[in-house]
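One chain, chain A, links the two complexes that follow: it is found with chain B in the first and with chain C in the second.
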Partner chain A sequence: MNVQDRRRLLGPAAAKPMAFSYTTGGEVEKISTNTPPKYSEGEEVLSLHTGFIENCNGSALVEARNSKHQTSLITAVYGPRSIRGSFTSQGTITIQLKNGLLEKYNTNELKEVGSFLTGIFNSVVNLCRYPKSGIDIFVYLTYDKELQNETFDEKLQSEKLFSQITSLIPHCITSITLALADAGIEIVDIAAAGEANCTVISFIKNGEEIVGLWKDEGDHEDILESVSACKEHYKRYRDLMISCLLEQKNLDAKSA
Partner chain B sequence: MSLSVAEKSYLYDSLASTPSIRPDGRLPHQFRPIEIFTDFLPSSNGSSRIIASDGSECIVSIKSKVVDHSMENELLQVDVDIAGQRDDALIVETITSLLNKVLKSGNGIDSSKLQLTKKYSFKIFVDVLVISSFSYPVSLISFAIYSALNSTYLPKLISAFDDLEVEELPTFHDYDMVKLEISPPLVFILAIVGNNILVDPAANESEVANNGLIVTWSNGKITSPIRSVALNDSNVKGFKPHLLKQGLAMVEKYASDIVRSLENL
Partner chain C sequence: MSICLALIATPFGIKYSITFVAQTGLINSYPVMTSDFQFPKIAYPGKLICPQYSTENKDGEDVIFNYVCGPGTKLLQYEHNGTMLEAITATLIGTVKREEVKNTDEEEEEKLEVADQSTEEEKSVDASSSEVVKRVVKFIRVSVLPGADDDGRTSKDANNDFANNLPKEGDIVLTRVTRLSLQRANVEILAVEDKPSPIDSGVGSNGMGIIAAGGGSGAATFSVSQASSDLGETFRGIIRSQDVRSTDRDRVKVIECFKPGDIVRAQVLSLGDGTNYYLTTARNDLGVVFARAANGAGGLMYATDWRMMTSPATGVTEKRKCAKPF
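Right, the complex of A and B next:
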């Protein structure tokens, strides 16, 4: 049935769609490491990966696996970009955590962790350098799973459930720090965190300053013991991040 | 409260000096005066209204429901509403999540005190309305929850405790009520300014604080959750590990006095 289309403004009968030639040069392509370097930290195997999302300013993928737990999270940094409205003498950071397909954590808890991470990175990012701008950070929990142990202990399992979000926080901090470095955003120092006795403590300046403390389980007696244990983890994670960033830089230099 | 750069610098220097000089003349461990009214909502099982000296005000209502405790994991649920903030605002959701963790059974609340029969328990709903707040309101809310739970009366059970053998629903006395005997945890906010720790920071002190600590006190000891919290967006910095020890020691020293004064209401 040949009926004239009266719903659209049609062009001339012989009109052809415009075709653009492919742009040559000028396009900067971020190259990510094809084979992500794996770093083993005691029992835990960490895989760090940066600069693999093209439409954001900086990105990082952190995958961690030990005998009990496996997690993977992607971080994307957008900014610094200008914000409208009244003048602000320094930049503002927003951090949002999103559940992956598993929908494991409730929104309240994720927002609480997001607010805690914002507090940490407000003291880590040199915000004075970015007046009237905003830095938006999105952390996406792609995979987070407890690996089943053969020896099933009910009490141990329930303790694990409580500490799950706690064990995720150090990886979030690693991932955000890497993504910020990848985005070229000025940071005071490389921030990382360690976990011990269900306590997460985040440090900067070679462990001389605490930027974040999160404890969900247990009494305070073990906090002071946890500080030294977390500091050891912090140093290991920080060294891994530095070697990952240097490797990335070498790869970029080779491909340029 | 918005302070100028010069005002912030003056305030920071005076708070970070040794000994610290607070703008309202308080000692580092001293709280602002608070007014608490309890049991003023006739349709609630317990209620309280707390007013801080800076005009911050919070109302807490306690309501109860009979539930099958094999089906319900948590017998205490907190819901926070802050005037002028959306329900999904960051501060509202953060405080709700924190308070639910503070009042989680096992931490400070003995869930056996809420048990009615072998099958049923009371579930307590704590509704918090922050009418106005000028500084981080968690400490104020926790004081209000503490006094509301301490003034809570629940209906008196007259049916049998053992209801597994004979299926029956709990029956209550028409008039008599029983006081709820639980000891809820308290939450303290500490501000870190330079090398000094200050309890209960006011709005202007929060604005220049380098960092903050949330410390929970339950049954005569410090317990989890313990957190660091950024009290402002512009002046946040790291702090030395010894300040953590100092802050916890300060709470340990003075928290029992606060509990005693709240119990004497």
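Right, the complex of A and C next:
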């Protein structure tokens, strides 16, 4: 069957693509913002970078390290892009988490976290500004390691796993918020979350509104105590994010 | 803002006077209507910029500022001491810009004399000329511009931010024709002509007047989509045959109006269906702006009248629904 492409105007059959000279060494990835590590009373060191991936609309790198645990997350935001199919009067968010390392977390668990994060950002992103569009967010877990001595007790291992995935979620939220702000997508507030006693609570509006609650198994049942502990974390992360974003903004203004 | 209506009984009847009560204290350090209210220069998502209203007393006149949300802002509700208050909040990082909106529907400066106001409850009240208070309502649009300097000046470059300028009803867009049928032309949207136009960009840059075809100073206000058309990521549109022109609409032959590859300036009629925006070219300044002869194989053609284009190299003419170039 002779199928001819009638949809576009093609050049002559013998046309060759233009060849450019090979660029040498110019493709070093650029880190536009580099906030110095901040130390807090909880000994957690957080490092935030934005705008270092060229081919997406917004990106963020969050690296966190405390005495027990070290994590590194890359988030890329694509969109708003047109979506085909049924009509949507406001934007649609999809969040995908990918484990870049070993099979530490199973896929179901990551999907669950992904849908939890989607729920949060549905109420944070100003979706009515993006009709007929989709915003795609990809979170890539590049590094995640326990720094304590390895234990071989299975029960302890599984408990640790729970604490790990909950300790990961606040950093996911931080990095997605940063990437969205970097992409210039309208968000009603800087969303952040804290983790306490296997509970993750995400806030906006200076801690007045809760946009997400994640509860894992844990022996701690006093939810109000967790809320206040999470709010402390939220405020700290939010202030760090704002200073990071404003620093980038000032840098941009100077370079322009 | 609360308006206090005070009724004063006098021997001659009942007089009234309206005073604006300043309400202070919104959220934390955000006073609603104190005179020392300051606009922030730089805003980030979640930053409270201003209340919805504020008042100022100048030369015996009450000036009411009604702040309207522009791009990069949203009116959100906040709870403070058990009451819900509304404040304009930033949704982007950037510099805050304020501009007065010229309201075309009403008078831009609506001077109302209290004595002339006749709401139902006041009809029974005998107004006195000695109690006249002049009131001026000003609409101020508050927006957050990501590309602006600290001084509030926008950069010279065209606004490249397609993400926050998605096509909406009434917008003028530049499109490329991808497919034709007897009933419609399918197009892909390449750019949106920006609503806010620089002062010196010439007539028509906001899509309301007549503009040079893809040229002139108005072209600076086109923002080019960052979505590559090769990846199928652009927004698509449909120009139905009855929307091609405003006269003789039922006798439109789509093939005599557009050809694949033409660049068409069109206006958004509606958000359309799931896939397509519905567009129209039924206006003098809308239609084909760029076209090549012989289905794209020939040279660039120029409009000679509203339905004819000519290639200056070969003299060949082709039928198009042209946008008025000048």
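Here, the second predicted complex is superposed on the first by the 204 of 256 C-alpha atoms of A that agree within 3 Å, B and C clash if a C-alpha of one lies under 4 Å from a C-alpha of the other, contacts with A are read in each partner's own complex, and residues count from 1 in each chain.
Definition applied: a contact is a pair of C-beta atoms (placed from the backbone, for glycine too) under 8 Å apart; a residue touches a chain by one contact, two chains touch by 3 or more.
The structure displayed is predicted, hence computed values, not measured ones.
Peer 1: Once chain A of both complexes is superposed, is A:G119 in touch with chain B (first), chain C (second), both, or neither?
Peer 2: A:G119: touches chain B, not chain C.
Peer 1: Answer with first, second, both or neither: which of chain B and chain C does A:P131 touch in the superposed model?
Peer 2: A:P131 sits against chain C, while chain B stays out of touch.
Peer 1: Identify the partner contact of A:K205: answer first if only chain B is touched, second if only chain C is, both if each is, neither if none is.
Peer 2: both
Peer 1: Using the superposition on chain A described above, determine whether A:I223 touches chain B (first), chain C (second), both, or neither.
Peer 2: First partner only, chain B.
Peer 1: Looking at the overlay, what does A:L245 touch: chain B (first), chain C (second), both, or neither?
Peer 2: second
Peer 1: Which parts of chain A are in contact with chain B and also with chain C?
Peer 2: 89, 204-205, 208.
Peer 1: Can you check the complex and tell me which residues of chain A touch chain B?
Peer 2: Touch residues, chain A against chain B: 89-90, 92, 107-109, 111-112, 114-116, 118-119, 122-123, 127, 198, 203-205, 208-220, 223-224, 227.
Peer 1: Which residues of chain B touch chain A in the complex?
Peer 2: Residues 88, 90-91, 93-94, 96-98, 100-101, 211, 213, 215, 221-230, 233-234, 236-241, 244-245, 248.
Peer 1: Please give the residue numbers of chain A that touch chain C in the complex, ascending.
Peer 2: 7, 9, 57, 79-89, 126, 129-133, 181, 183-190, 204-206, 208, 242, 245-246, 249, 253, 256
Peer 1: Please name which positions on chain C make contact with chain A in the complex.
Peer 2: Contact set of chain C toward chain A: 27-28, 42, 44-46, 72, 74, 76, 78-79, 89, 91-94, 146, 149-150, 155, 161, 163-164, 166, 168, 178-179, 226-227, 233-236, 260-261, 271-275, 277, 295-297.
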